[in-house]
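Provided herewith is a single structure, encoded as C-alpha cells, for subsequent inquiry.
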Amino acid sequence: MKHKATLLSIMTEKVFEENILEVLEQEGAKGYTIFEGGGNGSFHLHPAQHASMVDEFRIVKIEVIVLSTDTANKIAKRLMEECFNEQPGIVSLSDVQIFRAQKF
Amino acid sequence: MDTLVSFGQLFLGGFQTPTLGFLLGGMFMAAMGSRLSIPDQVYKFIVFVLLMKIGLRGGMEIRNANLAELLLPAFFAVLIGIIIVYGGKVALSKLPGIRPVDAIATAGLFGAVSASTFAAAMLHLDDIGMEYEAWVSALYPFMDITALVLAIVLARLVTQKEDKANDKEAPKHKRKDINIQAIVVDSLRGSALSALILGLLLGLLTKPEPVYESFYNPVFRGFLSILMVIMGIEAWQRLSELRRVAHWYAVYAVIAPLMHGAIAFGFGAIAHHLTGFSPGGVVLLAILAASSSDISGPPTLRAGIPTANPSAFIGSSTSIGTPICIAIGIPLFTELAKVVF
Amino acid sequence: MDTLVSFGQLFLGGFQTPTLGFLLGGMFMAAMGSRLSIPDQVYKFIVFVLLMKIGLRGGMEIRNANLAELLLPAFFAVLIGIIIVYGGKVALSKLPGIRPVDAIATAGLFGAVSASTFAAAMLHLDDIGMEYEAWVSALYPFMDITALVLAIVLARLVTQKEDKANDKEAPKHKRKDINIQAIVVDSLRGSALSALILGLLLGLLTKPEPVYESFYNPVFRGFLSILMVIMGIEAWQRLSELRRVAHWYAVYAVIAPLMHGAIAFGFGAIAHHLTGFSPGGVVLLAILAASSSDISGPPTLRAGIPTANPSAFIGSSTSIGTPICIAIGIPLFTELAKVVF
Amino acid sequence: MDTLVSFGQLFLGGFQTPTLGFLLGGMFMAAMGSRLSIPDQVYKFIVFVLLMKIGLRGGMEIRNANLAELLLPAFFAVLIGIIIVYGGKVALSKLPGIRPVDAIATAGLFGAVSASTFAAAMLHLDDIGMEYEAWVSALYPFMDITALVLAIVLARLVTQKEDKANDKEAPKHKRKDINIQAIVVDSLRGSALSALILGLLLGLLTKPEPVYESFYNPVFRGFLSILMVIMGIEAWQRLSELRRVAHWYAVYAVIAPLMHGAIAFGFGAIAHHLTGFSPGGVVLLAILAASSSDISGPPTLRAGIPTANPSAFIGSSTSIGTPICIAIGIPLFTELAKVVF
Amino acid sequence: MKHKATLLSIMTEKVFEENILEVLEQEGAKGYTIFEGGGNGSFHLHPAQHASMVDEFRIVKIEVIVLSTDTANKIAKRLMEECFNEQPGIVSLSDVQIFRAQKF
Amino acid sequence: MKHKATLLSIMTEKVFEENILEVLEQEGAKGYTIFEGGGNGSFHLHPAQHASMVDEFRIVKIEVIVLSTDTANKIAKRLMEECFNEQPGIVSLSDVQIFRAQKF
C-alpha cells in the first residue's frame, strides 16, 4: 500500500515558473504544488512581505512527487542544464512514501 | 534668468507638492529603518485603478479626437524608444566594469515607461491647468514595447556572438531564432499595459462616465499618493543593492532621465510645429521618455535577459532614475514648455 | 413589435453600460491571454463592501417597512429555489453523459444566488429610476439556502441509493443521517451571507446613514465595475474547463437563467397582484432566480457533494450562466416589467 | 442626576452610533460562528490610511500652532504611561495565578495606545462638534513608547532576578545590558507609529490639502467602520484564549480602561487650568490612556518579553479592554468633559 | 537529543481542511502547520495568484510531525480511507529528526 | 553530480524570524527560503487566513539547505538553546540530495 517515491523541490523566481512547469509536463509529472515565499541566495534578497514593485521576483517552491527515481533524476538533470545554468534557483531531491501509486 | 529663478522656486515648491513629498516621505521612512509597508496586493490594486483611470479618460476623449494627429507622435515614441536603448547600450558598454547584457537591460528599462511617473505628470498638468491631448496615454505602449523588445533582441544577439566566440555550441534547448512578435505580444499581455488598454477600450466603446466620475477620478489623487510612498520605500531599499554594482550605473541613472526627456521634448516640439501637438502633450512625451519602467519592465527583462543582473538595472531605475524624473523631470519639462511655446 | 425593437435597442445599448462593458472587457482581456489580475484579497474586500452596502440600505429602509408584505415573496423565493433545483436535476439527468451528482450540483448552483449579479441589477434599476422594495435583498437567503440545502440532500440520497445498489456497506465514518439544520447554519455562516446579514442588522439597529452616504454608497459603482472585470476574467478562464465536460452543460447554462427568471417573474407578478409587490421588486426576484451563485455556492457544494465535478458546475455557472444573466437577463426582465405592469 | 440620565441616554444611543455598532456587529458575527473575514492586507491598508489621515491633519494644523503648549501634555503623557505600567504590574502581580512577566506585559499593553480607538474618539468629537488641539495626535508616541519600553525593562529585571535566585548562570547569548535606546528606536520604527509620523511630517512640510480633502478625509469614516468589524471579530476570537488563563485578567481588563482614562482626565484637567488645554484635548488624552495597543504593542511585547503568554495580554486587551474603551470610555469621558469644563 | 520522527505532508483543497484537522486531532497530533499554495493534479488547475472566485479551492499543505511511526501510519491510513477516497488530495510520509521529543 | 545535504526546517512565529536569520548567517548558511503559514502547537492558534490584528504572530517556515552535517547540527543546537528555549518553534532535519555543491 505504501510506495517509495521521490519528492523534487524546486526553488526559483516566479518569473521562471512557466519554463519549469513546461519541463515537468514534458517529463510526465502528473501533478505539482506551488508555494510562494521569500528567500535569500546568491542573488538579491526576495522580500516575502512588503509591496514589491517586482512581484515576479518573489521566490516560489514547486513540489513534485514522482514515482520513478529515473524520472526524478531526468527532471532534475534537465532543470539544472536548461534552467538553472543562467537563472537563480536550486533543485533538491528527497525520499518520501506515498499511497495510490497510480497517481504519480 | 527669470526662467531660472522661476524654475528654482518651482523646484523648491515642488518638495511641497504632495506627489513628490509622499515619494520623499517613503524614502525617508525607509532610510530611518521603518517597518512601514503597504501590502503587495494593495499596491497592485492601486496600480490597476490608476491605469484604468488614465485609460478610461483617454478612451472617452479619443471618441471625439482626430486620430490622424496621433500618427506622428506615435512614430516619434517608437523612434525615441530605439534611440534611448541603442544610445544607452553604446554609452554604458564603454564604461568600466559593466557587462554588455547589463548595459542593454539597463538601457531597456530606461527606454520603457513608468505608469506611476506618467500618472504623477498628468496630475501635475491637471493641477496647473496645462492642457494636453486626450490620446497621449495611448503613446505609452509604442515607446514601452519598442524599448523592451529592442533590448531583449540586442541581448540575444550579444549572447549568441559570445557563445560563438567561445566556440561553444549552443545547447539544443536554446531557441535559436529571436521571435520578435512573441516578445511584443507578451509585453502587451503584461498587467500594466493590459489595464491601460482595458481602460482605453472601455472608455472608447462603453459609456463609463458615471463610474469614472464617482470612483476612478476621485480616488486618483489619494491612490497616487500611496503609490508614491511605496515607490519611495522601494527606492531606498534597492539603493543598497545598487551600491554593490558599478558606480557608473548611478551616474547614468542621474543623467539619463533628463537627457531622454530633452530628446523627447525636441521631437515633441517638432510635432508641435508640424501638427499642432499641444505643449502639455510635449511635456507628457518627455516624461514618457524620462521615466523608466517599474512594473512590467523588470520582469519582462528578467525573463528575456536572465543573465543580466537585476540589482543593476532595477536599482538604477527605481532608486535613482524614478526619483530624479519625478523631482526634477516633471517640473523642469513643464517649465520648459511654458517658456518655449 | 415596439417592445421587441426597444428591447433590441436596450440590448445593444447594454453593451455600452459600464457594468456589462467591464464584464466583457475582463473576458476579452483573458481571451487575449492577458496577465491582468486583481488580487484575491481585493476581490474579497470589494465583495464585502458591496454586500454591506446592499445590506445597510435594506436595513435602513426596513425600519419603516411593513414586513407582512415580505411573507409572500419570501415564500415564493423558497418555492422557486425548490423548483429550480428539482427541475434542473430532472432535466440534466436525462441528458447523455451527465452523472446524477453533477446534475444535482449544477442545478443547486443555478438555484442559488449571485450577489454580484444582484448588485448589478440593483444599480441598473437605480440608474433607470425603477423603484423596488427596501427588503428585497432580504429575500436572497431564502432562495439561496433552499437551493443549496436541497441539492446537498438530493445528492446524499442518490449516493446512498447507489451504495445500496452496489451492495456496498457504507463505511463507518460516513454520516448516515442528513442533518438539514447543520447545512442551513453552515450556509448562513458563509462570508457572503454573513456580510449581507451584518449589513441588514446594522442598517436596522444602528444609524449608519453618515457612513453609508460617505463611503458605502459612493464606492458602490466603482467597486462593482472592478468586480465585473474579475468575473469576466474568471468566466473566460473557466471556459476551458467547461469544454472538457459534456456539452449539455453549456446548453443548460444558456437556457436556465432565462427560464428561471421567467418562472420567478411569474411568481412576482402574482405577488404584485395579490400584495402590491412593486415592478422593480419583481425584476429583482427574477434576477435572484436567474443568477447562479459565484461566491458561497461553489465551496458549499464542493464540501457537501465532494464527488461532483466542480469543472462542470462552476464552469457552466461562471462561464455562461452569469454572463447570460447580466447581458440578457437584466435588460430583458426590466423591459418586461415596463411592458407588463 | 441630569448628567447620569444624559449619560444613560448617550450610552444607549451609543449602541446606535455606527462605530460601536460595527464593533458589536463584528463580535456578534464571530459569536454566531460566521466565516466572515476581511483579508489581512486590507486591514493593514485601512490602518495605514487612518493613521495617515490623523497624522496629516495634525501636521497641517501644527503649522499654525504654538508648540510650547504641547510640552505639558506631552510630559503628562509620559507620566501616565509610567503610572499605568507600574501600577498595573503591582496590582496584577498581587492577584493569584498571574506570573510577574504576564502582569508586566499586560500592564504594558494597557499603557500603550490603540490607534483605532483613538480614531474612533476623534470621529466622535468631530461628530458632536467638540473641538480639540491640532497636535494632540502627536501625544500618541509619548505615552505609547514610554509604556512599552518600561514594560520590557521591568520584565528583563524580573527575569534577571529570577535567574539569579535560581542560581542559574545566564547563557552567554543573552544580552546582559538593557538597551533602552534600542527599544525606543524599534518602537518608532513600527508600522503604526511610522504611518502616524509620516502623516505628521507630510502635513507639516508639504501642502497635502488637496489629497487630504479628496481622499484621506472622505474615506475615514468608511474605513473606520470596516476596522471596527475586524476588531469585533478579533475580540470574540481571542475571548476563547482568554478563558484559558486566570480570570483576574478579565477583571483587570474591565476596570483598567476606565481607571486609566480617569487618571489621564485628571492630568488633562490640570493642563486645562494651567495652559488652557481644550476639553476635547482632555478627552483625547483620556482615551489615549484608556485604550490598549492592538497593532504595534503585541509584537513589540512578544519580541521583548518572549516568556510572557500572549493569550493573556492580547486576550485581555483585544477582547475586553478595547470594547469597554469604545463602548463606555468614549461616551463617558466626553460627557464628563461637557459637565466638568 | 535528536530523535527520529515522521513528517506527514497532506495536500488538499482548503475546503476539506477542517475534516483533516479533525482526524489529526483525534489521532493525537500535538501540532501542525498549514501553508497555502496553488497546484495541479488530476482535478482542475488551482491558481495561486489571481483573484479566484472560489478561494476555498486553493490548495493547502498541512505538515504534521509525529514521533511514532505507528501514529503516522494510522493517520495516513485514516486519511486515505475517509478523506481522499472521494476528495482530491495526496498524503506523503518522510523521515525527519527532531529535538525535544516530548513536544511531538 | 548529486551530493548529500541536510535540509533544516524551522517553524516559528514571524516576530522571531530576525533572530533566527542572524544565527543562520553567523553559521555560514549561504541561502534560505521563508514561507508564511498558519499553525497550531502548544501555544495559541495561528490563523493563516483572516485579518489578524497581530500579523507578526503568523507562523513562518524557514528552509535552509546546508552541505555539511556538522553545520546543520550546529545550527540546530544553537537554535534550540538560544531561541526555542523560551520561544515557540520547532526545528527538524532531513536528508536531501542537491546539485552544484559549491552553492550550499
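By letter and in written order, the chains are A, B, C, D, E and F; residue numbering begins at 1 in each of them.
Keep this in mind: a contact is a pair of C-beta atoms (placed from the backbone, for glycine too) under 8 Å apart; a residue touches a chain by one contact, two chains touch by 3 or more.
All values derive from a computational prediction rather than experimental measurement.
Touch-path distance (fewest steps) from chain E to chain F is 1.
When chain centres are defined as mean Cα coordinates, C lies farthest from chain F. For the touching copies chain B and chain D, the fraction of interface residue numbers used by both falls below half; the interface is of the different-residue type. Computed from the mean C-alpha positions, the centre of chain A lies at a distance of 19 Å from the centre of chain E.
Averaged Cα coordinates give chain C a centre that lies 42 Å from the centre of chain D. Inter-chain centre distance (chain A to chain C, centres taken as mean C-alpha positions): 39 Å.
Multi-chain contact residues of chain A (touching two or more other chains) are listed as 35-36, 49, 94-95. Counting partner chains per residue, chain B shows two or more touched chains at residues 37-42, 44, 218-219. All chain pairs that touch, listed by label, are A-B, A-E, A-F, B-C, B-D, C-D, C-E, D-F, E-F. Residue ranges of chain C in contact with chain B, taken from their complex: 15-18, 20-22, 25-26, 28-29, 32-42, 127, 218-219, 221-223, 225-226, 229. Contact residues of chain C toward chain E in the complex are 37-40, 42-44, 171, 173, 230-231, 233-234, 237, 241, 294-295, 298-299, 302-303, 306-307, 310-311, 314, 318. Considering their complex, residues 2, 5, 7, 30-36, 65, 94-100, 103 of chain F touch chain A. Contact residues on chain D toward chain B in their complex (touch as defined above): 39-42, 44-45, 48-49, 185, 188-191, 194-195, 197-198, 201-202, 205-208, 210-211, 214-216, 218-219.
Interface residues of chain E, counted against chain A in their complex, comprise 9, 11, 35-42, 48-49, 59, 61, 76, 80, 84, 90-95.
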